[in-house]
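In what follows, subunit A forms one complex with subunit B and a second complex with subunit C.
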Partner chain A sequence: MRWGEIIRRLVLVPPTLFGVAVIVFVLLRVVPGDPISMMIPPGASQADIGRLRALYGLDQPILHQFVSWLGQVVQGNFGRSISVRQDVLDLLLTRLPATIELTLLATLIAVVIGVLAALVGILARGRRAEWAVDGGVGVLLAIPDFLWALILLLLFGVLVPLLPISGRIDPQVEIDFHSNFYLIESLLTGRLDVAAALLRHMILPALALALPFSAIIARLLKASLVEAEDQDYAQIARARGYSRPSILLNEVFPNALIPTVALGGVQVTLLLGGTVLVERIFSYEGIGNMAIDAVINRDFPLIQGLVLTFAVLFIVLNLAVDALVTLLDPRLRHG
Partner chain B sequence: MMSSLSRRSILQLAGGAAALPVASGLLGGGAAHAASGTLTIAYNVNLPSFDPTVGLSAVNPTIQSIYQSVFDPYIGQAPDLSFKPGLLTKWGWNADRTKINMELRKGATWHDGSPVTPDDVVWSLQRAADPKGGNPIQFVWSKVGNYKIDGNTITGDVLQFEPTLFKWMAFLTGYILPKAYYQKVGAEGFEKAPIGSGPYKVDAFERNAFLRLKAHPGYWGGKPAFETVVFKFVTDPTSRVAEMESGGSDLTFEIPYEEFDRLKAKPGLAGVAKPVSDIAMIFITDIAPMLDRNVRLAASHSIDKKAIVDRLLRGYGVPISTLEAPGYEAFDPSIKVAYDPDLAKSLLAKSGYSPDKPVKFTIQTTRGFKPKDYEMIQAIVGMWRKVGIDANIEVYEIAKHFELRARHALAPAAFYNWGNAIGDPSTSTGFAMFGPSPHCAWKGKDLVERIGPLWGEKDEAKRIAGYKAVDKYIAEEGEVIPLFQYVQPIIHKKSLKVVAQANGMILPQLISPA
Partner chain C sequence: MTAALTVDNLRIAIGDTIVLRGASLEVQPGEVRGLVGESGAGKSMLGRAALGLLPSNASIVSGRIAFEGRDLLKMSEGERRSELGRRIALIPQDPMTSLNPVKRVGAQIGRLLRHHLDLSKRAALERAAELLTEVAIREPERVLSLYPHEISGGMRQRVLIAMAFACNPSLVIADEPTTALDVTVQRQVLQLVERLRQRHGSAVLFITHDLGVVAKICRSMTVLHAGRVLEEGETAEVLAHPRHAYTRALLAATPRADRPAETLRPVPPALIDQLWSDARRLDWLDVARPA
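Moving on, here comes the complex of A and B:
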């Protein structure tokens, strides 16, 4: 992909987001169940229900509601959450950092495990160890992230209680943060004890998200390594007397990395989607956990804000992956 | 050159970052344990909003435990659903029910140290009655107005008689809020830093993670046993079980009964299981084939409720025959709907149905919303099949149930659970079976005529007797199928003494060291 292609895709971002906004807005109002039906107390009359509908603007035609909401969104106002009763954008900005930190940590763990598994697999090619690595990767891939979450919860929370299983930080701990990027802030300010406390809470949810992703990386990278190892430049290096590990690390690996980043990078969006259930299981305070409550409560403004946020994240991630691939691959960079 | 540098940079970054957790001493220390003087509760729902009188959270019964830890209701409620003095020490009507009078407790203070005044009470009631205020129970509070204050006594004019007015003062949206503080900080400010007059004050809140409370030293009811209370929001039942097993929490509830039996047998843990004011029921909608009395009664008599409770709920449930559970004011043990499959068969035969030629209809249910809800309906459909009822199960979300019910568009039969924390018959039989109510599935004139006069009945004894008669009539006509009263499983550390509340609330002020 050339830089021009990335610019072209940037231009397409606003219409894409508009399409997402239309779909989520209309779907929410067509599917049965609205926040007022969740709120009707015993004894409410039809007039009481009508009064509540009017209070939240749900008595207006859908088109009117959409135009009004979109006009506010363009000005940076995502509306007010019906259940939380706070500004949606504020809520999203408060909670998004927790999910971003979790996703980054999970990606990091997945990359480490995936790359190591692929390298061990390729170094042990044709031997029993390769089968063992492939088998292990298969197991990691076969179990979805939310099941890993439950397995890890029982394993390290109950059987061998080494790590906390809920929240982002101990409720008894009194720490002031200037931003909502708790982990990054504590690392940058040198508060390593706080960072360790945060990591202790994050490690299990991050691992649950990382394990299936690491298997994808391992498979993609190993396949690329096998293909790259058979290329002429690798054969020539071997003929010149370089050792196999040296050829693999210095010649084959950098070239095999490009297709892995291109294909694996897209999987980060799936990992982000996985945070919804995993955050719920570990009571982690990110936007995934908040999304479930928003759906249960039929909190239309919050759901709309969340879907748009996820859409923006997916677009940014895909663009970042494309840019990274362009950066890594000279053929794409120079056309 | 640039590309090779970039690749190297990326690899170096990845390697360096991967080493970080090891350097941080990540695995040092075990799982979190409750600190001394701290009570940690693994709570089953999140707390969306702090204002207990407005919006969706205000009518969510599950959140009320948290609200009642921070805010005081006008009137208190004892563990057996009876009412007791709260911030109001006296309350009542005048002889002809045209005025109400209330007396405010002296010496109560807000968490900022300022006194709770009669002005706070009047402001809270007027705010609740404001149609634009967003209080979902506004239609109750708006029935009284023209308040007057004389010392610590408040009087008001009854604009429309509401027999359950004082009962509502102990439950949903029935809280006194600080007028001066609220007006100073506004709605947004109150959400960020709420204060009440309850036994605990808010110390820290991490949305969807935890709420930390500290004891209110000036609480009128005496200082609670625990200085600090932490509500951990652990919405997944498996995670709540794990919280107890790992020692991360001191108490949890609403877990599967199998897990309750397993955990209470473990050393260091104990269990309490008491019936609560929540029942399982099947709504009958007045559409074909339910317009046929024989079909309705057959559907009722062919359900073995005891078998369902014993086999699916491990005995944790109390079979019921009316919408009034034991402990409710209009509960009448003499009303019985017996399990009698032979009677069900003969009733169906009268309408031309048999196991070979069954009557067909749809029954709607949630799946996983309440313990074993879907499995229960499967069992009921199996029992029905034996007598000549062929029911098709349709699974839906609870939000869809609410909307269909409000539109009177439920299937002929629909499973639901009905809570009634104030134990009044108007908030069970009344709203569930009175045609004009949006909660009612059976819109028949027969019940409108019977329940209608009871809304405004000023003689309390006559009102309760009237509801008992209505319940008897409903049972004889099979216009709803009450199933059983739920039992709430609470697991806690043996070092705690827990008082179970019939309204299902988990109140930290009622928990103390054993």
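Moving on, here comes the complex of A and C:
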């Protein structure tokens, strides 16, 4: 990806976000149910409901509401959450780091499991062990992340209670973090006991997210490895007297990584989507968990802020994947 | 004198189809032998078998392949691997696909040298630059730092030739190394192979379907047809007085400026077994020549 391409992609970001904003804003207001109906006690008078609607500006035409909301967003003001009564941007900045850390950990686990499975599979190519690996990968893939969450919760939280099953950190641990990236901060400052406490809370939700993703990585990588091993350069490497494991690692793997990252990298978005349910199951205080509350309470400003946040994450992720592929493939660098 | 390569009554099958039906040939030390035949004659399969590069669905039914008198098929994996790439080298057919696209030229040559000659990283790169100079590549240091897609097909083939001769091989198997190149580059590549062969004293088994190429650089030749050796001998002798009708047909099919080429009609696969089962039926091959 050269500079021109990067600039072209960056120019496309604002219109993309604008489109997302329009769709979310209109959909929320067209679909039945609004925040007022969630706030009022039963038997409230029509006059009271009208007053509340006017207070939140919901009596205005949609276009009018949108323009005034967008005007504020451009200045960095995402409004106040109706249900939590806090600034939306503050809420997002507090919760987002938790989700980013969870997603990073899940990605790391998925990459390790996926790459190992693919390598074992290719080494055992044509033998019975290959079938076993393919079968195991199939099982990982067939069970969705939220179901893994429940299975893990049952196994390690209930049957063999080894790990905590809710929250981001124990309430008794004294928190005096400077950022909201608790895990990264505690690792950087060398507070390993705190990092361990955080990891104990994160490992189950991260594993639930990672397992299906690791199966996707294993499948993509194994197929790419098989294809690359049949290429001339890999065959000829055999005639140079290199051992097969060495050929797989040095000649085949770097080539197979390119399509795997290109196709699999984008699947991290799937992981982000998965955080919504998995964070809920483990009462993990990230934006996914918050998204469910926001939707239940029809908290328009918060939902709008959340959707825009997800959109930004998706865009950044796509750019990062493209940059990584360029880094891996010299043919794209000079093209 | 022990032959550099001895192939003895080699039979290879792919699934139920037999592709080599008892082919034998010898390549003497320092000799350049052409192995010719039409597509599907089994000539590439023979070369691949010697290098241990048979496709996974192919199997050696019977026969012997010996390198300097030692049976390659009975060697241990480690023994064979220490000969391959060092004493037995390959010049592959397609320079466009034979180099690893994500590794620099220098890294690919360097790895080969370090694997077989136990050189340090730096010594390997210096030796690699010398090798590139040997194959007439100018600015070898610059080429070492390039990726395969940044150099031309002809230059890639030179890099592959340099790699083949990198460890002073006593046998080089050239698997149609000029087929994918255009005619002017072809000539340079042939001259290069000839020069390096003389310098390193290697024997070459030159697999090709191009009789012109054989006439230019091979002292002896073997004609393969339908998995068997039809004819062999000194190149000049075979080309001037082909004993076999098939060789004559092959010669007639070679395009020449002074007359139109005749079409070589392939033998239908169904007929091949029948053909070989009855020696007299070989006369059928005369039918292959257009009336």
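Quick notes on this one:
Following the convention adopted for this analysis, the second predicted complex is superposed on the first by the 331 of 335 C-alpha atoms of A that agree within 3 Å, B and C clash if a C-alpha of one lies under 4 Å from a C-alpha of the other, contacts with A are read in each partner's own complex, and residues count from 1 in each chain.
As a convention for this text, contacts are C-beta pairs under 8 Å (C-beta built on N, C-alpha and C of every residue); 3 or more make two chains touch, one makes a residue touch a chain.
None of these values were measured; they are calculated from a predicted model.
For the composite obtained by overlaying on subunit A, subunit B and subunit C can both be accommodated side by side without a clash. More residues of subunit A are in touch with B than with the other of subunit B and subunit C. Shared-chain residue A:R9: touches no atom of subunit B or subunit C. Of the two partner chains placed around the shared chain by superposition, subunit B is the only one that A:R200 touches, whereas subunit C remains out of contact. By the touch criterion defined above, A:P254 reaches both subunit B and subunit C. With both structures placed on the common chain, the touch criterion links A:G157 to subunit B but leaves subunit C unconnected. Looking at the shared chain after the overlay, A:Q172 reaches subunit B, while subunit C stays out of its contact range. Of the two partner chains, subunit B is the only one that A:M290 touches; subunit C does not reach it. Legend: residue contacts after superposition of the two complexes on their common chain; A:I236 is shown touching subunit C, with no touch to subunit B. In the superposition on chain A, A:R191 contacts neither subunit B nor subunit C.
Contacts of A:L328 after superposition: both subunit B and subunit C are touched. No C-alpha atom of subunit B lies closer than 7 Å to one of subunit C in the superposed arrangement.
Subunit A residues in contact with subunit B (one complex) as well as with subunit C (other complex) are 254, 328-330.
Contact residues of subunit B toward subunit A in the complex are 3-4, 6-7, 14, 17-18, 20-21, 24-32, 35, 38, 40, 42, 46, 48-49, 51, 54-57, 59, 131-132, 134, 136-140, 172, 187-188, 191, 204, 206-210, 212, 228, 230, 232-236, 238-239, 242-243, 245-248, 397, 399-400, 402-404, 406, 426-427, 430-432, 436-439.
On the side of subunit A, the complex with subunit C involves touching residues 126, 231-243, 250-251, 254-255, 258, 328-331, 334. Considering their complex, residues 51-53, 56, 80-86, 88-90, 92, 94, 97-103, 111-112, 115-116, 147, 149-150, 163 of subunit C touch subunit A. Every residue of subunit A that touches subunit B in the complex is listed here, in rising order: 32-35, 37-46, 48-49, 51-52, 55, 81-86, 91, 94-95, 108, 111-112, 115, 150, 153-154, 157-158, 161-172, 174, 187, 192, 195-196, 199-200, 203, 254, 257, 280-285, 289-290, 292-293, 296-299, 327-330, 333.
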